[in-house]
Amino acid sequence: MISVEQTARYVPDRLKSPAARWVKSWESLLIVVALAIFITNSFASPYFLDPWNLSDASFNFTEKALIAFAMALVIISGEIDLSVAAIIALTSTAMGYAAQAGFDTPMLVAIGLATGLGCGAINGLLVTGLGLPSIVVTIGTMSLFRGTSFIILGDQAFTSYPASFAYFGQGYVWWVFSFELALFVVAAIVYGLLLHKTNFGRAVYAIGNNATAALFSGIRVGRIKFILFLLTGLMAGMASICLTSRLGSTRPSIALGWELEVVTMVVLGGVNILGGSGSIPGVVLAALIMGMVTFGFGLLNVPGIVMSIFIGLLLILVIALPIVYGRLSRRWARSAA
Amino acid sequence: ENKKIALVVKALGIGFFEAANKGAQEAAKELGDVEIIYTGPTTTTAEGQIEVINALIAQKVDAIAVSANDTDALVPALKKAQDRGIKVISWDSGVAKDGRALHLNPSSSPLIGNMIIKLAADNLPEGGDVAVLSATATSTNQNVWIEEMTKVLPNYKGINVVATVYGDDLADKSYRETQGLIQKYPNLKAIIAPTSVGIVAAAQAVTDAGKIGQINVTGLGLPSEMAAHVKSGASKSFAIWNPIDLGYSAAMLSYDLINGAEAKPGAELKMGRMGTLKLDDNNEGAMADPFIYDASNVEEFAKIF
Amino acid sequence: MLTMFLRSRELLLLVAIAALLVVVTWRFPGFITLANLANVYNDTSILIILALGQMVVILTRCIDLSMAANLALCGMVAAMLNFYVPGLPVLLLVLIAVVLGTALGAINGLLVWKLDIPPIVVTLGTMTIFRGTIFLLSGGAWINAHQMSDLFKSLPRGIVAGMPVLSWLSLAVIIAMLVVMRRTPTGRAFYAVGGNPHAAVYTGLDVGYTRFKAYCLSGGFAGLAGYLWVSRYAVAYVDIAAGFELDVVAACVIGGISIAGGVGTVPGAVLGALFLGIIKNALPVVNISPFAQMAISGTVIIIAVAVNARAERRKGRVILKRAEHVA
Amino acid sequence: MAPAITLEGISKSFPGVRALSDVSLTLYPGSVTALVGENGAGKSTLVKILTGIYKPDGGSIRINGTAVSFPTAHAASKAGVTAIHQETVLFDDLSVAENIFIGHAPKTRFGFVDWAFVNEKARALLKEIGADIDPSIRLRDLGIANRHLVAIARALSIDAQVVIMDEPTAALSHKEIHELSELVEKLKAAGKAILFISHKFDEIFRIADRYTVFRDGRMVGEGLISQTTEDQLVRMMVGRDVGQVFPKKQAEIGEPVLTVAGYRHPTEFEDINFELRRGEILGFYGLVGAGRSEFMQSLFGVTKPSAGAVRIDGNIAVIRTPSEAIAQGIVYVPEERGRQGAVIGLPIFQNVTLPSLGQVSRKGFLRMAREFALAREYTARLDLRAASLDQDVGTLSGGNQQKVVIAKWLATKPKVIILDEPTKGIDIGSKAAVHAFMSELAAEGLSVIMVSSEIPEIIGMADRVIVMREGRIVGRFEREELTAERLVRAAAGIGAVPGEGA
């Protein structure tokens, strides 16, 4: 008879302390990068370390980051939403239309959020209801949403918004802390808790790692994905309120090309584009890095496109370096053995 | 210490704005204590210009002279600049009144509106169908000129404007829109493109369709870009103001404001060799008449801009 | 018979195109003349070439978002060489554009192959890098019609046997791709690698290397398209064909190329591109505001992907004998 | 006789599993060598090393005396080694002919694939193995048996000296198995060296000339088939007498817990009726592809049946989604562990708590301490071997992964647990642990449905057995009536043994 060892063996909860794991994490790498950029910028331009300037610079990333939080969840769940910039345009158009018709600020905000949610619901239904690949669906809705804006506005613009509406993009909560910056901090905390501390967040990770197994574990995969698309629509609506308020006007070409910047921010933040892993602190750091790079180059009057080369290189290098390093260290280990 | 004047353009790399920069540099040399920061986004978006303007505010420049991608969207950012003591003017393509001290029109809109239709009509003694190829939907000046053109249309007997299409200041889109016009209106005699991107694309499309001689492309364009088309006959003549003068004047006006000049209706501000700018009720002023280029002079100007 | 007919995506698309033509012709009879159709085809040629390149990449379960940026960079380099080195023969410039495009595609391919970085991340990164490089090369300046040599501009326009060279070129590319995809081992490997990468390893196919080849191919086509674009519109600047990568992906999706890899045909991609091309050309003609074009192509993409997904949906396994007889 | 191929000292490890340690094997031309061993003994791993899919950690391969190495699958086939793999690794969207020839299609002078020739050759090959398949149709449209035949044709399309067959008959019917054995004879006559892997002893004794036995990744015996017996082989395989493996405890069988009535699906199964009682282990036996997994999944709410009802503890219940099934106390340990069971990428404790998130959270917010406590309780009961509970399940061995999946379900405190091939591909120690645990659960009053294709397991563990064939129930046996022969006959659709009433 085969002896099945029955002496229970103790399996510890964790091997490494949280601190030890943190040191090797993506977030710590990003912190180093962020600090390096911060220091470089401080030396490169005398204008960088000025609270008002930094506050102004925060507008470069806050709106995109709002969407990036929700996008991070969508990407972790293994999907993607490329229609976010188009949702901004459509939402802004809807609000402009309402403002033209004489609605006041609270109503405009409600309309903005509702339009964002509506667009998210369309994406969600197409992806989860019909089971279509999200990358294609959202390329389609991207044209559809922005196209609708173009049909409504053509070459016109909505330019008259109530004075109180200006607060969202131009108002300050306290000293240099703008409303947008405050919203960014609140959204970061809310999404951080949602992803890392709740059942919902856990389900998102499970779906991204293995949707079939998650379904077999009783997780309502379709419903959760639908909610994620709703959230992304909602955040795009929120970003649209801020951006529209900041610009004080709506054109159908508003926020053109932002979807790729948002995705870049999320990927730079360490979210695996194939789903399954990533964190909100990482996305926050990526937002700060992208904002500082934009601003730093701007202070030196370097054209924005040169900055985008930098971001593109950063994107590939930050992902490639750990891979190359891992390979080399394995090779060294082997040759040493 | 040098005064810093930022010349913010719609997008970097456009010949017209490069020429304006040349003019501004000339003004700086003339003034001595001025440094020109030539900057702008790489695509013609308002968001891009706002980022640039924020960076300029942070650098505490003394003046910003902007050719705007969007009349309204820049206003909050420019207001902030003014709040921080920066003088702001717009030139070429304006911003709404709240956002700037004054606006420098390259020419007056009625003059331009009249000029573009006149260029078409002069070559059509018997009249005929003409179409308008406008620029991006988001730039204001084209629309104002077309409006002015429509006002004076009755003065040109037999000229019939059949359509207005938009090429978005993209070469390929303008090209395609022109193709659409050629197909749809077999009797088309002229295309008016009051945009430097559109006029080149339209001339190219007309050439490719083999319609040289039947359809005359005219409007506003740059001599360097149009020289070949004037030579081939696709375009008999076109007009433009001198962008070098425009950049020069913008820099001069900014300098005048930095030195305490006040921009208010009726005021006259100094523009160096270009004379003075008289402001109207909207704090706007016109620099000069547009200038006509045809086979006789285009080669010469093509070397400059 | 009817089911077989409906199952063929290409036929379905052909019917859709015919229906589209009927509608347009009803509003504007001049559209369906041979000359105009030839014109529409000529206008869509570049999209067709790009869609065929993108098709190969998508077949291997990858995606190339850098295609339009690659096109712009190659086009700019060809235009700048033409301007600054006037003596160079145009054919050499075309060759340089193709080789450069292939090299840029190879960069994508290497990153995907050797470092296993997800294709969408790689090409998102190289997309911005390529565009930025154009700016660095040109300083943002435009190369305009008058700076290009006449031959440079006229090559794609030249009429041979009643059709512009551009149209002939795209036809040649279509035929070449038909042969490559049907008749060469590499062509079949694209399908196999995308259809089942796991099984591809068992059959001795090198998945990474095949993907690398796909990227080289799409890069080469982007390079060719770069020259064609720049000479056709007689202008080169940083932003040419901005956002065109999504049109190209859309053409593939409409043409029934499955984004999950392994499924799609050359005729499908060509028809998908033509469908978009006809819409683009027809809208101004039938008095639909050009502003509606975007919304229409968006709707078309969604419908196309929904239809294709229906066709592809796997039937359940047939275990019951009775059910098998009925089927 | 000179060996065709010799392997010496081959070792191969996967993270957490030592699949092969220092094994040797020799194949001779014109001779069939049977490779036998339990599930997970390392047979397929050896096949993959021989065909260039895995690189061995150590050891040498020699063909006709010269040392060779196979960096890719292509290199192996060029060296004259071809294999029918256990998993059918084919391409759904390519035609049958292409599937057979992809990677080594004959080319014309211009480097193009010669389709006419390829189709013709594919047709000839298929005919040779007795498969009536049109080479031009897409593989997608074929059933599982025909796919297997295509895989066989593919292996034979390579002109090889060494032909490996990894369970080639598992998915085939009698007629096809017969034609396959004729084919093996032909190959033998042509002087090929054949490695034949099978779990079916009748086949082995009919076809093979020699045998090699693997146990837990080691070679434990070899010799001539004519000099051994079935019993000896089995003893070598498992290292003990079979009867002792299954620690079946006698449990008290109580009142019905689950009643299934009239379950049917348009294409997969129909007329499924049975009752499951408290404390019972109900075995579901059938050949591979009998539709057992499909039925279980629809019982669990993954796929929708077109008709049917269940009664749980006397109440009629509707199950449309897995979450409803879990709420009703029915849980399912799936067959495809990697795809449907473990969430690879998440740590062990998160895998365990995934269906019980409600238990370990308050108002939707997770309580980490409770998660660890729950995970610890159930993994300890299953004697999980792991470095820590926050280790990625993907780094565990197959058996330990299976324990995590079972722990995950037990943590939901179910009434009915469905185990689909619970010991497939797991090592012998874990297997015994799973069996012991299954008995324990039944003794505690849980009801177990055990789907298994292994007769010893079924006979050793089940109180009652239902046999399925082609989506229908074709036999029901009480524990006393269980014999291997009866089960096989029922599953294969062969009439009862003469003189024995079923």
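For clarity, chains are labelled A, B, C and D in written order, and residue numbers in each chain start from 1.
Note that in this section a residue touches a chain if its C-beta (ideal position, glycine included) is under 8 Å from a C-beta of that chain, and two chains touch if they have at least 3 such contacts.
Small disclaimer: the values here were computed from a predicted structure and weren't measured.
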Between C-D and A-C, the pair joined by more C-beta contacts = A-C
Based on the averaged CA atom positions, which chain is farthest from chain B?
-> D
If you average the Cα atoms of chain A and of chain C to get two centres, how far apart are those centres in Å?
-> 30
Inter-chain centre distance, chain C versus chain D - centres from mean C-alpha coordinates, in Å = 43
Between chain B and chain C, tell me the centre distance in angstrom, where each centre is the average of that chain's C-alpha atoms.
-> 36
Just how far, in Å, is the C-alpha centre of chain D from the one of chain B?
-> 74
For chain A, what residues touch not just one other chain but two or more?
-> 154-155, 252, 257, 303, 305
In chain B, residues with contacts to at least two other chains | 12, 42-43, 166
Per-residue multi-chain contacts in chain C, two or more chains = 135, 140, 238
Which pairs of chains touch each other?
-> A-B, A-C, A-D, B-C, C-D
Which positions of chain A touch chain C when the two form their complex?
-> 126, 130-133, 135-137, 139-148, 150-151, 153-155, 252, 257, 260, 263-264, 267, 272-274, 303, 305-306, 308-309, 311-313, 315-316, 319-320, 323-324
Which positions of chain B touch chain C when the two form their complex?
-> 11-15, 18, 42-43, 165-166, 171-172, 175-177, 179-181, 183-184, 200-201, 203-204, 208, 224-229, 302
Which residues of chain A touch chain D in their complex?
-> 1-2, 4-6, 8-9, 11-15, 193, 197-200, 202-203, 205-206, 208-210, 212-220, 276-277
The chain D residues in contact with chain A across the complex are 239-240, 244-245, 300, 302, 321-323, 325-326, 332, 334, 339-346, 349-350, 354-355, 357-358, 361, 364-366, 372, 376, 379-380, 383-391, 408, 428-429, 432-433, 436
Touch list for chain C against partner chain D, complex = 179, 182-185, 188-189, 191-192, 195-196, 198-206, 262-263, 315-321, 323-324, 327
